[in-house]
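Labels run A, B, C, D, E and F following the written order; every chain starts at residue 1.
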Amino acid sequence: MAEGKDIKKALDDIVDRKYTFMHICGTHEAAIAKSGLRSILPDDLKIVMGPGCPVCITPQGEIDAAIEMAEKGCIVATYGDLMRVPGTKGSLDSIDGDVRVVQGVHKAVEIAEKTDKEVVFISVGFETTAPTVAAALLTNPPENFSIVCCHRFVPPAMKYLLEQGEAQIDGFMLPGHVCVVAGYEDYEKFRVPQVVAGFEADDILLGLYMLVKQVKEGRAEVENAYPRAVSREGNKKAMEMMYRVFESHDVDWRGFPVIPDSGLKLKPEFEKYDALKKFNVEIRHVEKHSACICDKVLRGVADPTDCRLFGKACTPQKPVGPCMVSHEGACKIWALYNQKR
Amino acid sequence: MCIAVPAEVLEIKDGNKAVVDYGNLQQEVRIDLVDVNVGEFVLVHVGFAIQKLSREDALQTRQIFKEVYAAMEE
Amino acid sequence: MKINMMHGAGGAVFGELLGETLTKYKNNNAGGIGLESLDDGAVIPIDGKNIVLTTDSHVVRPLFFPGGDIGRIAVCGTANDLAMMGGKPLALTCSMIIEEGFDIEILERIVQSMDSALEEAGASIVTGDTKVLAKGEIDGIAINTAGIGIAEKPVRDSALKPGDIIIVSGTLGDHGLAIMTSREGFDFGEQIRSDVAPVWNLVNAAMQAGEVHAMKDPTRGGFSNAINEMAEKSGVQVRISEESLPIRRSVRSASELLGINPLDVANEGKVVMGVAPEDAEAILAAIKKDKYGKDAAIVGRVVEGKSVIMETGIGGERFIEPPVGDPVPRVC
Amino acid sequence: MKINMMHGAGGAVFGELLGETLTKYKNNNAGGIGLESLDDGAVIPIDGKNIVLTTDSHVVRPLFFPGGDIGRIAVCGTANDLAMMGGKPLALTCSMIIEEGFDIEILERIVQSMDSALEEAGASIVTGDTKVLAKGEIDGIAINTAGIGIAEKPVRDSALKPGDIIIVSGTLGDHGLAIMTSREGFDFGEQIRSDVAPVWNLVNAAMQAGEVHAMKDPTRGGFSNAINEMAEKSGVQVRISEESLPIRRSVRSASELLGINPLDVANEGKVVMGVAPEDAEAILAAIKKDKYGKDAAIVGRVVEGKSVIMETGIGGERFIEPPVGDPVPRVC
Amino acid sequence: MAEGKDIKKALDDIVDRKYTFMHICGTHEAAIAKSGLRSILPDDLKIVMGPGCPVCITPQGEIDAAIEMAEKGCIVATYGDLMRVPGTKGSLDSIDGDVRVVQGVHKAVEIAEKTDKEVVFISVGFETTAPTVAAALLTNPPENFSIVCCHRFVPPAMKYLLEQGEAQIDGFMLPGHVCVVAGYEDYEKFRVPQVVAGFEADDILLGLYMLVKQVKEGRAEVENAYPRAVSREGNKKAMEMMYRVFESHDVDWRGFPVIPDSGLKLKPEFEKYDALKKFNVEIRHVEKHSACICDKVLRGVADPTDCRLFGKACTPQKPVGPCMVSHEGACKIWALYNQKR
Amino acid sequence: MCIAVPAEVLEIKDGNKAVVDYGNLQQEVRIDLVDVNVGEFVLVHVGFAIQKLSREDALQTRQIFKEVYAAMEE
């Protein structure tokens, strides 16, 4: 692989001190792992994972609500990722009810069209995903269809993280597919180096290269290394549809406090699709463990073992923060490593 | 944070649907969120096309790669 | 402690259960290769003949899927485990557990499919058993087949040697992705088809063409699991070249779409073998002549050390790990 | 048409399913005794050796009962089917289908019980398989064992000859009534115990002592089913003397109480054999010397004709018929 | 068997013409079949089976009610015999609910004592059995216990049968265990030869011998061939307990019309144990097939094939009359025999 | 029409219960419907003793048998 070696050399040349960048995207992490990309980076260049998947940050209360729907006899449809995320008393794949993995919201609607039973779609996802749900709700799904709306936005979480104080992070690789839909204008307010990157190994290497360059040149702006799919304004049609159906509101994230304007809820005219209202289910706000230091772990200023919940109240079986849910989460990796010893 | 895969639009159908090809694999997807024509490329996420992919921009990325590689060769 | 689904998906969690509970027999060997080896089957020497014995219970869902059905798998799975030990499949048993209310017409279709797979595999079902459970005590049907074969020279999965060349007999991931996409409702129809097939003929051709040191069929847990088991049991490192792995374009597309590693899902008509380097090309050529070996490829090599390393397309390296639990389609 | 519980209880309804669906394989024989014989197992001649092959899936409830457990049955059932073909048990396979949530401690107890039964039977479990199904897809656990043995001289269940003497190796009905009374809550505790045991030793002793023409173990469907199969396949009539049938007093009491014919329920450590009349006493004596043959008895004789006739205590006659469906405790 | 042969000879000697006797007891039939007794009777002596088990004559509506209880989530407990008796849409052993076979009513009470679920005992049986249920109800079963009362009496059915006209039956062998409890005074009103018999082969032979003798001597009375267990007055304590809890009423029998005073119902003070009232379940009176000629078949004046329902509306899978339910029923035997041909 | 089995009373317990023996098989049964003592015989139906069996009456049956047999021998 001449090319790969060439890139490695380019990075070797440009990296002159320790750099740590954070991506905030599960799909970036998967691509990095699959390509063995870290193995070709210069020793001084690190890429770490932030609170990057819409599933890991889904609070227990939302999983519990989904399970409650299933227990009430509803058909619960959702993405495969959510199946194994633990709520307070189990995960969706460990219960008896009728829980189905679907490719997207439209498949859940199709199920509803073919049954008399109630079908509840557990609607997770960031900006990338929320417009698809809006599109489905705008095309008159049947009366027995409803959703539990768990959508969240990236920029408010990043804002929260940055406001927690100093981070040992030199810059951020922005989530390509979120930006496909939402554009990247919203990130320009953050005074840190940022590059939007795609998901081929080359894309990621390019993103890293551009990040190092930006830092070296003392800039702190948003650059786009994924122009074949991303533009500054994103997919305006998609965003507009999203805001026809949803409006933003304050929600909590697993292991984090309530973050203002970081989530979506159905607008009043779409409330008939609100499964929580329909079945009178409440999302129990599992009392916030103020002790979770995920934000510090993510900012690189603390190790998982610095958290007093680690291995005690917070384990892979019963995770508290998102770092313990995600397979790539720092806390989970530490915990599994310790278990094996 | 979201798996999305490029695909070529083969056929536009009623009800905001299109048949796309991911590479020897065809599927019907929803195109509510984009305005596309047969022969164009789209990014598909959870069964919805979420954006068109333009050939020019794709080329532009390749251009950036090239510049990097060129820089190294200096 | 309770059994959970991870215990059934192969890989590390299952390995623990195996080691600590399921293999705790003092009476575990009848003279040749026994349960302690955890190979594809056992070998029992009888008067100089090597009788190979193996078993598998089949619970695949849906019962019928593009490219195959539970009956075809039940026959091929066991015939192939025999082949993996170097044994020519001879006779199979068939034991069915059926739920009250099961449709007899479906049963007939399954039996017919088994019969035509037997025809292809050159084996017979010579004895059987049937149990009927009350509604709800089993979901539909489970089919166990056990089988015996004869091995001129038994082949273990644990005899890789540094220097060996790793060959796979065809494209990887077909079966697992066919099952998943037909199960989860992705409407791919017949575009992705299971590879379920009997492989004795190609295995035999390979063994005639040169030295096959070790074999395993990459079923549950896929190629990732099989190659790790082989490496670990052999005490060697295996290095796989990502770009040489034969993966059907359609399977690759589906695996990207679903966020699933095609190396982590089951194959039902494939072989992973480690062969003597000097024989590798001859063996590959012999395999490629077989109906089910057209896409065979050299995918890696054995060196001193441990673990299985993927040499990636960009010149990187990563571990290939046995999957934990059955892969689930993902969106992120 | 749908499978119903009758299909699983042996007897006539099951026979239909067998004949019309489950045995419709063209590939049903590997050279010796095959599926077409519907015997306790198959025989495959390999270079002058007779390899016996058999299989059974075990789904008994409760998992633990007075006198045994599912593990002991899984081993003995298959070892005994081998013995019924004249084969010395050699090696077994073990394939478990387990429900998510199953208790691993129980699994350990089952494995231990299997191991000690293996010890007694002189056989080993040499290979295995494990599947885990989601909660509700199977009720607890099902265990399949297949096995191979070697027969000096294979014995069929279809070779009764007029003049033969019928011997049973011990008391009848113990297992079936132990299961039923422990399942249905009659509080009999350990008063009725299953007879589950490996019988190769007594079978071997019998074969050494004289000519054993035909053998079968009276498992599902009990003695009634076994003796009818033997008579029908052999094209003879069997006449049984009611008063000579060895039935434990406690079993007889329970069977009267429950309205259940002890001849209709399963035994798991018993043999029914037809032997040459001149050897009958010698064979009986040999069996009686074995640990599990103390209560052996001559219970009938073979004559020309068809059917199985019971000569009753009052000098009457009636047919012994294979039971239809699993017996249920009755009050009238 | 010297003895058996002797008896055979005694009967051979005494039987001088065709005799047909009817027993009306499943347990008699079982004993006769088990001992091969018919094979030693003189050719001219026949013993046939009447409407002799409390299960066969349970109408479909009562089975349906039991199934409805199970479907409502109750634990349904009953005797094994009832499990395979078909209602209109299946039998108890073919449904999904929690149906348990118990030895007696007290075991059903024990189940109720150990669970919070509702336990419903399907209470079938003749005079022999009803007092055991009375005894259980008189010892304060828990609140979650109730019964579906399906008890029936023998004499009213016999009366009905005799009133249908001429029977080709020379006399009746009375059910020993019914008479153990109820005595046989009630049968003395019937002007036919009757003998109460026990259940050993010898008991039955003795009963037959006494019946032949009675006919030959021109008597028509009730004799007792089972004095070790049966007295004329029966078990007074048991009968008295039965009438403390139950009172007689008119009920229908499978294939028969409503027979006056042939059944039992709970007295008002025990209505809290009435499962039908408790769960608001009605016994649907499956419309009487007036075409069923069971009574004629039983009286020996018609063959099953004379019935126009035979093999059409009435089959072993979907029986109309009791003769098609019981394994020993004439219609079922004919139907199975024809199936086999 | 009802299966009933003779048994010997071995032990009387509280709550109208007794332990009986059917012949190498013991079980606890209810004795609400009869007044019995240890050593007596009862008929058991659906787990309840429904009547006492008296030795004399049992003998009486045998007596009837005997008469029949005697009659034959004449």
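Basically, contacts are C-beta pairs under 8 Å (C-beta built on N, C-alpha and C of every residue); 3 or more make two chains touch, one makes a residue touch a chain.
According to UniProt, the chain labels map to these proteins: A, E = Hydrogenase expression/formation protein HypD; B, F = Hydrogenase assembly chaperone hypC/hupF; C, D = Hydrogenase expression/formation protein HypE.
Everything numeric in this text was worked out from a predicted model, so none of it was measured.
Q: Can you tell me which chain lies farthest from chain E, using the average of the Cα atoms as each chain's centre?
A: The most remote chain is B.
Q: Would you identify the chain whose Cα-based centre sits farthest away from the centre of chain F?
A: If we average the C-alpha coordinates per chain, B ends up farthest from chain F.
Q: What pair of chains is linked by the most C-beta contacts?
A: C-D
Q: Chain A to chain E: how many Å between their CA centres?
A: So the centroids are 70 Å from each other.
Q: Hey, how far is the Cα centre of chain C from the one of chain E, in Å?
A: For chain C versus chain E, the centre distance works out to 59 Å.
Q: Counting only Cα atoms for the centres, state how far chain A is from chain C in Å.
A: Roughly 35 Å, centre to centre.
Q: Between chain B and chain E, tell me the centre distance in angstrom, where each centre is the average of that chain's C-alpha atoms.
A: The separation of the two C-alpha centroids amounts to 77 Å.
Q: In chain E, which residues are in touch with two or more of the other chains?
A: 3, 7, 25-27, 53-54, 79, 93-94, 103, 107, 125, 129, 202
Q: What are the residue numbers in chain D that touch two or more other chains?
A: 4-5, 100, 136, 186, 259, 330-332
Q: Of all residues in chain F, which are in touch with two or more distinct other chains?
A: Within chain F, residues 1-3, 45-46 contact more than one other chain.
Q: Taking the complex as given, what residues does chain E use to touch chain F?
A: 3, 6-7, 9-10, 13, 24-28, 52-54, 79, 103-107, 125-126, 128-129, 131-132, 135-136, 138-139, 154, 175, 177-178, 180-181, 198, 202-203, 206, 209, 225-229, 235, 237-238, 241
Q: For chain A, which residues are in contact with chain C within the complex?
A: Listed in rising order, the residues of chain A that touch chain C are 1, 3-5, 7-8, 25-27, 30, 33-40, 53-55, 79-81, 83-84, 93-94, 101-103, 107, 125, 129, 201-202, 205.
Q: Contact residues on chain C for chain B in the complex?
A: Contacts found on chain C: 186-188, 191-192, 248-250, 252-254, 256-257, 259, 330-332.
Q: In their complex, what parts of chain B are in touch with chain A?
A: Residues in contact with chain A: 1-4, 15-16, 30, 32-35, 43, 45-48, 50-51, 53-54, 57-61, 64-65, 68-69, 71-72.
Q: What part of chain B is in contact with chain C in the complex they form?
A: Residues of chain B touching chain C: 1-3, 5, 22-28, 44-46.
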